[in-house]
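Two complexes are shown next, each including chain A; its partner changes from chain B in the first to chain C in the second.
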Partner chain A sequence: MIRLEPRAAPSKLMATLSPLIAILLTLIAGALLFAALGQNPWRALRVYFLSPFDDAYMRAEVLVKAVPLALMGAGLAVCFRANVWNIGAAGQFTLGAIGAGAAALFIPAESPFAMLAVPLIAGALCGMAWAAVPAALRTRLGVNEILVSLMLTYVAALLLDWLVRGPWRNPRGFGFPQTNAFPDWAHAPILVEGTRLHVGAFLAVAAALGLGLMMSRTLRGLRLRVTGGAPRAARFAGFSAAGDVWFALLLSGGLAGLAGALEATSTVGRLQPEIGAQAGFTAIIVAFLGRLNPIGALLGALVLAVSAIGGENAQILLNLPKNVAGVFQGMLLFFLLACDALINYRPRLVARRRA
Partner chain B sequence: MILRRSLLIGAAALAMASGAPAAFAEEPLKIGFIYVGPIGDFGWSYQHDQGRLALEKEFGDRVQTTYVESVPEGPDAERVLRQLATSGHKLIFATSFGFMDATAKVAKAFPDVKFEHATGYTRADNLATYSGRFEEGRYILGVIAGKTTQSGKIGYIGAFPIPEVLRGVNAFTLGLQSVNPEATVSVVWANTWYDPGKEADAARAVIAQGADVIAQHTDSPAPLQAAENSGTVKAFGQASDMIKFAPTAQLTAIVDDWAPYYIGRVQAVLDGTWESQDHWGGLAAGDVHMAPYTNMPDEVKALAEETQAKIASGELNIFSGPISDRDGTERVAAGEALDDAAQLEMNWFVKGVQGDLPD
Partner chain C sequence: MTADPSPPSSPASAPARSPLFEARGIVKRYGNFTANDHVDLTVLHGERHALLGENGAGKSTFVKMIYGALQPSEGEFFWEGKPLRLSGPAEARRLGIGMAFQHFSIFEGLTALENVALALPPEPLAALEKRVREVSADYGLPVDPSKPVHALSVGERQRVELLRCLLQNPRLLILDEPTSVLTPQEAETLFRALEKLSAEGCAILYISHRLEEVRALCSRATILRRGKVTAEVDPRATTARALAEAMVGAEILDVKRPSGDQPRGEEILQVERLSLPADGPFGVALKEISFALRGGEILGVAGVAGEGQNEFMDALTGERRAPEAGMIRIMGSPAGRLDPTGRRRLGAAFAPEERNGHGAVGEAPLSEALFLTRRHEAGAMGAGGWLSRAWAAAETRRIRARFDVRAAGEDPPARSLSGGNLQKFLMGREIARAPKLLIAAQPGWGVDAGAAAAIQSALRELADQGAAVLVVSQDLDEIFALADRIAVISRGRLSEAYPAAEMTPERVGLLMGAGHSSPEAAA
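Here is the complex of A and B:
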């Protein structure tokens, strides 16, 4: 059987090259997959990786798709680094959209608060409030935050569903589950005319860079890394584990809430049952692709955005079913994580022992 | 229905024969579909994809179809629609209500591409809407239920209290009471379109309350299977013929058949006669048809067939007055029928329906 053993000194060069090797391996395996399906491999690979850059609209769409992934991925990277497992970013995202929706739908246009910052802040606060539940239960009662944050995702989805089918439903919408469209002041400004690229792109870059600096340059960052990596050492150093749990969950919840508020005020423009909360689960992969580094999450978000859009284009241009896109994305992630594993560990054949 | 179909096929054959040289010289018409679910859901998206396959069969080389499946009704839809338009698709079917805003936006940006949106209400010069009068089928189910029930209690599993579902409940109840005035309908909201576990629970609950016929307006075969397992309760399939899930319990099923509409619209584009419209077809147009009538006595089957023929011919309008809601308010006067606008906004129950109705 094969056993993985830790390497004494992982190679710095290989660590840097690992994502490139992974992408190369994906290209080779992908070419084989497409050839097996009777496609021209070059054309198929071109559609997957390059068609999302074909024109200005598609390039903007890569960023539009990446914004919520990057915001949530950066927050989750910090959270996971602190060994706090917030699996419920999708729920915090939904609450963010609800908070933004409440502000957008109920603040009258003539009010001094009728400006975009208000729904965005409301969304971030609602996301934090949703994340505060697993934080409180974990620090007070020792309840596992994975379960609580995940379960609250479903509660959030049902809450949104109830609001858009019940009290917040558009009275002139023929009974369909939607609120009114948000007023003009509650729409995120478009950065490039003719595309959907909105100001959220700046916020995502700022959040990733800010968190990157925080992790590497501040005492808070050091504490989170020590708490996550060596909890006993953190206790000896007098760091409050409860404080770090609260910080990690509120930070990632707030960013997820902001992502939800941005999606509601930009691409969707109203509340409805489906607002793209699935990105909260994809963001977990983004955080790991970025090696739990907030700036890496920015790149991870771009990679996943390209592969998602490439997958849609493959359905349209090559008539490939959606499942093939899923297989292809799975290969990309598999090779990325496998390369990382082999940098830190070495496989060794060992004789099977008899029990 | 048969007449209309053969006319369509005749027209297509004529066009093929007369325009054959031109047709081969021209590029095929590219037609795009976006589905909210996977094509393998055996319900809503599956039936739309059957319509797409019917187009390929009907028009052969003259069309080229593309589909994108499992597109969430959120931020991604607009990009997918736009990409379909950019890549040369000239006729695009958006097959779920939640694609409405995105379709309207993209239609505005691509005035020379024609869009068709299922079940919505936003239209434009290049954006048509279409849906099916499935409630015509539900009236027939009501007639069958009225002749089948012993206990006089019918259980009805509804997805959500929206006008589409309320129309179905009312049509069913009116059909039921046309043959069995004392029978009542208990509506249970499953609050989901597709969740076999919840749907089965709801079915078992109404059976426990004494219902011996179950109707459903949710998409999975689970209520039907619950009826099958009970051994005595009868039920109806939804959206497609589900007889294989309940060989002894299914009485019939309402089948959504999009093929006639899709073929007609593609033909219109090929002929250059396509115009934006709001199509709402039922039994007469062939958009809705009934699965074989099974597990019932011959006289009930004959009555069901007679009712179906009367609705299809226009002799019977299912929402003709007098109709009162369950609070006693008159909704349709004698000698009149409910117009389409009032049907689209329906938010009341007819007499004989039990169950919650949120405001």
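Here is the complex of A and C:
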């Protein structure tokens, strides 16, 4: 029998290195996986982790993928720090896309509101509204926010599905389940000509830096950290736990909604059933990879974006199934959590005691 | 260890007064830190031997090695003259080494009998129950074996723990701070049982910081300080004060006692028929608590654990609100419905018993702990919710200098401080505000004797400057050292507060156990 015993003084150095060790272990396990699939592991890893840097377009695509991950990852990092477990960023992302889509589709071009900020704000508000449901249920009735936020993800996906197949479907879209293409005013300016990289990247960096500062330098950040790390101390300090739950869920929901709005308006350009909401789950890995630090989440988003693009390349170049990318993400989170567990606990073999 | 000064006062009994257990040159290192530094200790057959030392002196480490839970880095143990190497607690128990832990390792959902059965080789419960009843009667340790543990008082739970050890026929029984949660009467019962046990030949290693008890019970005492043996004495021939000084290695400061009839200030805290339902199945309901506290006085609230003092503290700090605003008044303002911050704004300050995780966040630096209770002060916060780090750094330095808080580095995490230093810092955090009312729970808990004396002096000084001070404690020594008036909390009710001069530990003990008769009736 193996027992985990808490370590007296977990190593600071190892805690910082843990993401790197986890990435390394993922690479090793990945190489074994590729070998088992009959691939040359070295070539497969090269496609996965280096091919995304091969040309300028690919590099831009990495950043395009990283933007929603970073926005959501930063929000979730704050949320998880406060010990509030919003697992439904994907649903809030979807709602953000729907809100932005409604603004982009129904605001006439000559209206003074026909500007990019309006769908983005609409998307953020919709994401917040979706996150408000678990916040209200948790603070008023004590319902677990993990279940509620996760379940609402499916509701959001079905809502989007219904809209794009029903009332919002493009009548001249040959029956495809999608809306009209959004007007030009609703598209974020492109940063690098010839790529899809848009100004949303600045928003992601600003959000990460802003939240990083908030967590370390403001009373709000202190409150969230104390509430998450030592709830009794938070009560003693007079911080209201309900206020922190609301703040954490609305913040992460708003950022997920913003990410969904950016994705819908500026990457996809219309609403369709598949708009990349899966990133809401990947963002959980991003937050942990970034050590639950919003600025760290920025780096985590880049790592996962590279592996996502690499996974797409692997499908084309190596004929590997799409799911391999998901397996990679799963392994990364697994190794990360395992490293953290072993940094804080020491495994010990103990003989089963006979009575 | 050579000489074997068997004191003449010890009861001669059992096999010859030969060594049962010996430790020679025991060293235990954790990295660079030496927890035990060449410790020698001999326990004779049937002897009652005390291991004394302040918090962090290395007593628990040493005892865990005897019990086989830790392995020494150097040195050897001997059992009846033969070298002893223990692979674990199971082997220790087989040899006849029993240990009763400070924090009982018993299951609340099971009955007392089932708990005892778990520790012993399988045997029919009916037979075991008979044995339990016999042993419990033999040693004067009354327990109903069929009662579930959660329905037992703390004293009864300890008896279960002790019976479990006794049924294993120990030859060396180790007790770690056994009386820390007992009323004086319960402690007395325990001592009688221990005396009988040692008269029958079982040796007892008694770990405590309560000097009076050690003097009453033990014939020899080994004193540890910073991992080293500083003295081996006959505690009966030594004063409590000299023992304390050997533990601390310095002369203990006397806390200045008030003259007794000094003028009292205005009423600062008034509590009026405060009742609060229990919070969960193991909580205690507060029942119609009323008292008033004036400036310049220290009120001591005594009571053993689980009698409502946690609930009492939560109600006073505002971590749980009172049903009505008027039930608690601070400086005359209704405060019952205010949160802790609101009460602090009225001039109250609080110091909870648990430092890591309640008074401060263990992982967070000291300076950040200031914002938990003092963020409403001028200069603490910039505009827009920014924390003023300059204010926190300056205030941290000021508190550390004034209260002699020793720690490595400019702004270390709270967890890295020793119990005494962290407590000095957190008390300093509140006292530096010059509060009108300070409410502290167990200020001396887990704190070394030197720090405890410094904290007591600081509390006295605060009261002398006109503040009202309320100390809730299970430690009667602390209550008697500090309080001008003493009240006892028992089953969620608070007794009348009596002048400290009229109280004795026995009266307090009777108030703890037996409802709330007046001390005259109790005496």
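By definition in this document, the second predicted complex is superposed on the first by the 322 of 355 C-alpha atoms of A that agree within 3 Å, B and C clash if a C-alpha of one lies under 4 Å from a C-alpha of the other, contacts with A are read in each partner's own complex, and residues count from 1 in each chain.
Heads up, the rule we're going with is that a contact is a pair of C-beta atoms (placed from the backbone, for glycine too) under 8 Å apart; a residue touches a chain by one contact, two chains touch by 3 or more.
Note that the structure is predicted; figures quoted are calculated from it, not measured.
Q: Based on the superposed arrangement, let me know which partner A:205 touches: chain B (first), chain C (second), both, or neither?
A: Touch partners of A:205: none, neither chain B nor chain C.
Q: On chain A, which partner touches more residues: chain B or chain C?
A: After superposing on chain A, more of chain A is contacted by B.
Q: One more residue to check, A:272. First (chain B), second (chain C), both or neither?
A: First partner only.
Q: Looking at A:229, would you say it contacts chain B, chain C, both, or neither? Reply first, second, both or neither.
A: In the superposition, A:229 contacts chain C only.
Q: What is the contact status of A:31 with respect to chain B (first) and chain C (second): first, second, both, or neither?
A: neither
Q: Between chain B (first) and chain C (second), which does A:237 come into contact with in this model arrangement: first, second, both, or neither?
A: Touch partner of A:237: chain C, not chain B.
Q: Give one of first, second, both or neither to describe whether A:217 is in contact with chain B, with chain C, with both, or with none.
A: The second partner, chain C, only.
Q: Chain A residues touched by both chain B and chain C?
A: Touching chain B in the first complex and chain C in the second, no residue of chain A appears in both lists.
Q: Which residues of chain A touch chain B in their complex?
A: On the chain A side, the touching residues are 55, 57-58, 61, 64-65, 161, 165-166, 174-177, 181, 196, 263, 267-270, 272-276, 278, 309, 312-313, 315-317, 319, 321-322.
Q: State the interface residues of chain A toward chain C in the complex, per the touch definition above.
A: Against chain C, the touching part of chain A is residues 8, 217-220, 222, 225-226, 229-230, 232-233, 235-238, 240, 353, 355.
Q: Which residues of chain C touch chain A once you look at their complex with the stated criterion?
A: Residues 30, 90, 121-122, 317-319, 339-342, 344, 350, 352, 354, 357-364, 368, 371-373, 375, 381, 384-387, 389 of chain C touch chain A in their complex.
Q: Which of the residues in chain B come into contact with chain A in the complex?
A: 32, 38, 66-76, 78-80, 82-84, 86-87, 97-98, 101, 121, 160-164, 191, 344-345, 347, 358
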